[in-house]
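Read the structure below first, then the notes.
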């Protein structure tokens, strides 16, 4: 080891480098597959974060160990051609494996993906007669309901795959109560026996696939099923608190999807306040609500398969 | 007329008041209709702008002619109870008529509405057996595809209704070319014979219903049909320029919907650039694209029924 | 005129083209001027909108009259080199003149600019001794207080210059009252004799420079003075209504700046509600406020030099 | 322990509750202090997150252990009166201590604050003569340069205070190089010997004050000094990589502020690409740049005082 090696440098310093990572963020890659006249889209936003032997670049500015962020960007686009994009998770796995196995100085790669979903535009009657299909095979409209997310981390040995979604707004217009809570000097809230329950779901779930030897889950089917269970549990839980609903949403997923061991939610309580119409001599029988912005209740929690370790960070917002 | 009347004040001033309007903006009203166990939602963002005899409040601060913005807010919520919300347009018509006809000092009302659409959550098999319905009748997920807009203006005599939508993202993965354009000293663009055409549609359309004597359009059906024609024209136009597509989208609406005389579009050309993969010895056969943010082409235009006057403002973005 | 000329096409169509414009939007150009070791920045976001003989491109997709949006982008960057960026307005004038005078098919150009202001980073004591300056001459921090805007329109004969600002947030913590307003069935607001008045100023002002023969204003000095007068009028007006404050802000500008004939404001009333602390047996003597998001009052109005015509659009938000 | 106690419930469940927290987020509290005619503002956005004995509310919906989010909101506003707001950190300390010590079921409180800074509006000459002050004593304009953040966590024994800032945009127009990096099959980037270095600083720093027995730092002064050192280190580092600049910014803080043991940065490399003007026969001598949006390099790292433990989360964006 020479005099300028990282560890010797570090030893002499009163100020040390801690965890660090770098890469190109938000590579907007769109992949078209042309199956004859029928086209398929994958529309992703891919962010790369690499860690490894990076003391020198921080201490002295030497880039000798650095694969540039520009190169990580090029790799994302080249891999969309070389490997295609079967699913966001599979694509991220290809990328993470490449960075860790192809560069000695890179020991860990974390790939994050946002995915935007598209659906086909229905053809007009005239056109569907003409082209013999009731959808235009190369025309799409963005679905827009939620943003799908995934994060793949690889250290050369183990995989961690955390998928999720955000911006999924849901509402129950009844079957929600809230009462029986603690009261102190600052409590003024009145108990509610029939309220609106609405939230914008942000959720992440961790797969128990961690090893190349294991059979890989069907990422696309898994996502559709998790979303379905999450929505149904929200709809079908008679709710005494948003925390109870959160737990039910998580439990329904764990109970139905054996590939998943952990789910975390961040659920803003999007308050809908019943408007007081009495000053106008009107009765508001759970009809007219004011949808408030801020402040909002924020309920966050992890739901775990028994015997499993929690690994999704508490502040998962940026996952 | 007294010495402090608006017009005499104005006469003495070197600095005059021009067009002005005021009101409460962004009232977030949610209306639930309970039809037995089946609930229905209307979810609106309503903004009120009133004009009239407002010289005094500007020149001297006298509020004697001012119906407060707080009162306009209360009216929005009270009307959601008194009139219900059949459609955004009908609700705005109730409000505009009220402000202009109930206050002598208010001569013109403009009501703007954004509407967020919800769809029902599908019940789980277990639950649908139990409740005998394949959807949970009080549980909703926000559709999220586009935001629907409407603007109603009333001056006591004539109505102007301009409806629209925004944030509707569409893409054709082929059937778009771009060539044969002007070239000058600053032109470097290469001609394209098969490109992606994508845009985020912002559109407003004006109804020819202007008078209480006329039969009112079916606002809900009209919206669904306009959106359908717009999407189908986008999908089915073999495009030589985004301007051509814009015109076809507008013409399809004018030709199919007799209640509409004018359509305006603001269409950002969401560029998808083919990635150059040659440095990596890969061939990119219209497969891998980079979705760019800024700059973007911005194509705006009005399409009009022959003989009709254009009234939608050129800068309609804030309509 | 041939059979495919625009006017003959139009004559045969039941659906006509109205106002239209196109160009590249949001070109983010940064210009560094190196005066020895001292650098200067101009940081702009430039949007081009051109109009002219554009029937063909809409009706048939022929681009023969179209200067591409890509070329307009190139021109922005090339002009930053060829002409420099003395001010946003002067730069926009160069661009607008070029597009209209260099292409026969372009009859009107509208250039919009947003400008972001930077200030120098103060040097540390050690460094300022060493380099002999108390500021680092090539290091900047974005000021961030407001965004400066300008819009220049040229039709080959007349100029229209409208400058402005947005996102300038101001507050008076006293000297604001609100009472004496109209009351109707829906009025519940209590009169206020000492309230917070806060708004996020969005303003545009029109110069009376319209002709190359006139002496051009000093755009940079004018902006600084307009902002100063606007802030001071806000601060020094004892306000009985936000409308009164709006008028005073405009009048102060018109009275002090002879180069400006018209000012328009869009002033959201950023409500600060006094929190009711009585349930906690606390007295709130104008001390603790809740800053609300939505809804908000929105006060908009034009202030004009006597004898001048109002030309700033009512919905200036997108100007 | 009864049959329905949390732990017995948990034992029987195949799906367990993990980390959870709840509270009211984004309470926008504005505090005015009136020192005669001179007013002072504190403008905060306060978010509360509480943890404790919360199994029941998740498993059964019983709220018996829950202090409602509405009560946490009320407490924020009441404390602004009872304790004033000396600094964001001190205010958060009051709140955290209250929640943990006043409710048996609450074991941990985390208070997050965003602070918006205001400066006084300069008086006009006329007015400053009249009122005898060159600033209007109750009139303010929002500074807007950065958002200040703080997070205080308390578990009844130890304090953790992490302060920070975000949205602080900085640029060096020279003294930045980038070369000598790894090259692989996907590398196309050209080395740079004089480039613009720009970033939007997001930073958090942890204080070594953890115990009520220790002398509390001067939070306000500390913030001003940290910001100053951070800016100066950015300006005065001749940079061979953004990582090197990051380390220097952190080291300057650790070396100068003994109250701080750890600093973490998230630094997007806001790329400014030199525009190729050669096609227009123009030479671009580091003058004209294109400011790109996405993708961007993202450089993140922790800088630590020797012997100290890193505790700021790797994904600090939501801190």
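Each chain carries a letter (A, B, C and D) given by its place in the written order, and its residues are counted from 1.
Following the convention adopted for this analysis, a residue touches a chain if its C-beta (ideal position, glycine included) is under 8 Å from a C-beta of that chain, and two chains touch if they have at least 3 such contacts.
Quick caveat, the model's predicted, so the values are computed rather than measured.
Trainee: What are the chains that subunit A and subunit B both touch?
Mentor: C, D
Trainee: Please indicate which chain is farthest from subunit D, where distance is taken between mean Cα coordinates of the chains.
Mentor: Centroid comparison gives B as the farthest chain from subunit D.
Trainee: Pick out whichever of the two, C-D or A-C, is joined by more C-beta pairs in contact.
Mentor: Result: the pair with more contacts is C-D.
Trainee: How many angstrom lie between the CA centroids of subunit A and subunit C, rounded to a whole number?
Mentor: That pair's centroid distance is 37 Å.
Trainee: Round to the nearest whole Å and give the separation of the Cα centres of subunit A and subunit D.
Mentor: The mean C-alpha positions of subunit A and subunit D differ by 23 Å.
Trainee: Let me have the rounded angstrom distance from the C-alpha centre of subunit C over to the C-alpha centre of subunit D, please.
Mentor: One centre to the other, that is 30 Å.
Trainee: Give me the residue numbers in subunit A that touch at least two other chains, ranges are fine.
Mentor: 27-28, 74, 78, 186, 188, 279-280, 293-294
Trainee: Which residues of subunit D touch subunit A in their complex?
Mentor: Against subunit A, subunit D makes touches at 13-28, 47, 49, 54, 57-71, 73-75, 78, 102-103, 105, 178-184, 186-189, 239-241, 243-244, 246-247, 250-251, 254-255, 262, 264, 268-269, 294-306, 310, 313-315, 317-319.
Trainee: For the complex, which residues does subunit A have touching subunit C?
Mentor: 185-186, 188, 279-280, 293-294
Trainee: Hey, which residues of subunit A end up touching subunit B in the complex?
Mentor: 27-34, 39, 41, 43, 74, 77-78, 80-82, 118, 121-124, 127, 136, 138-146, 167-175, 196, 228-229, 231-232, 234-236, 272, 275, 277, 279-280, 282-284, 286-293
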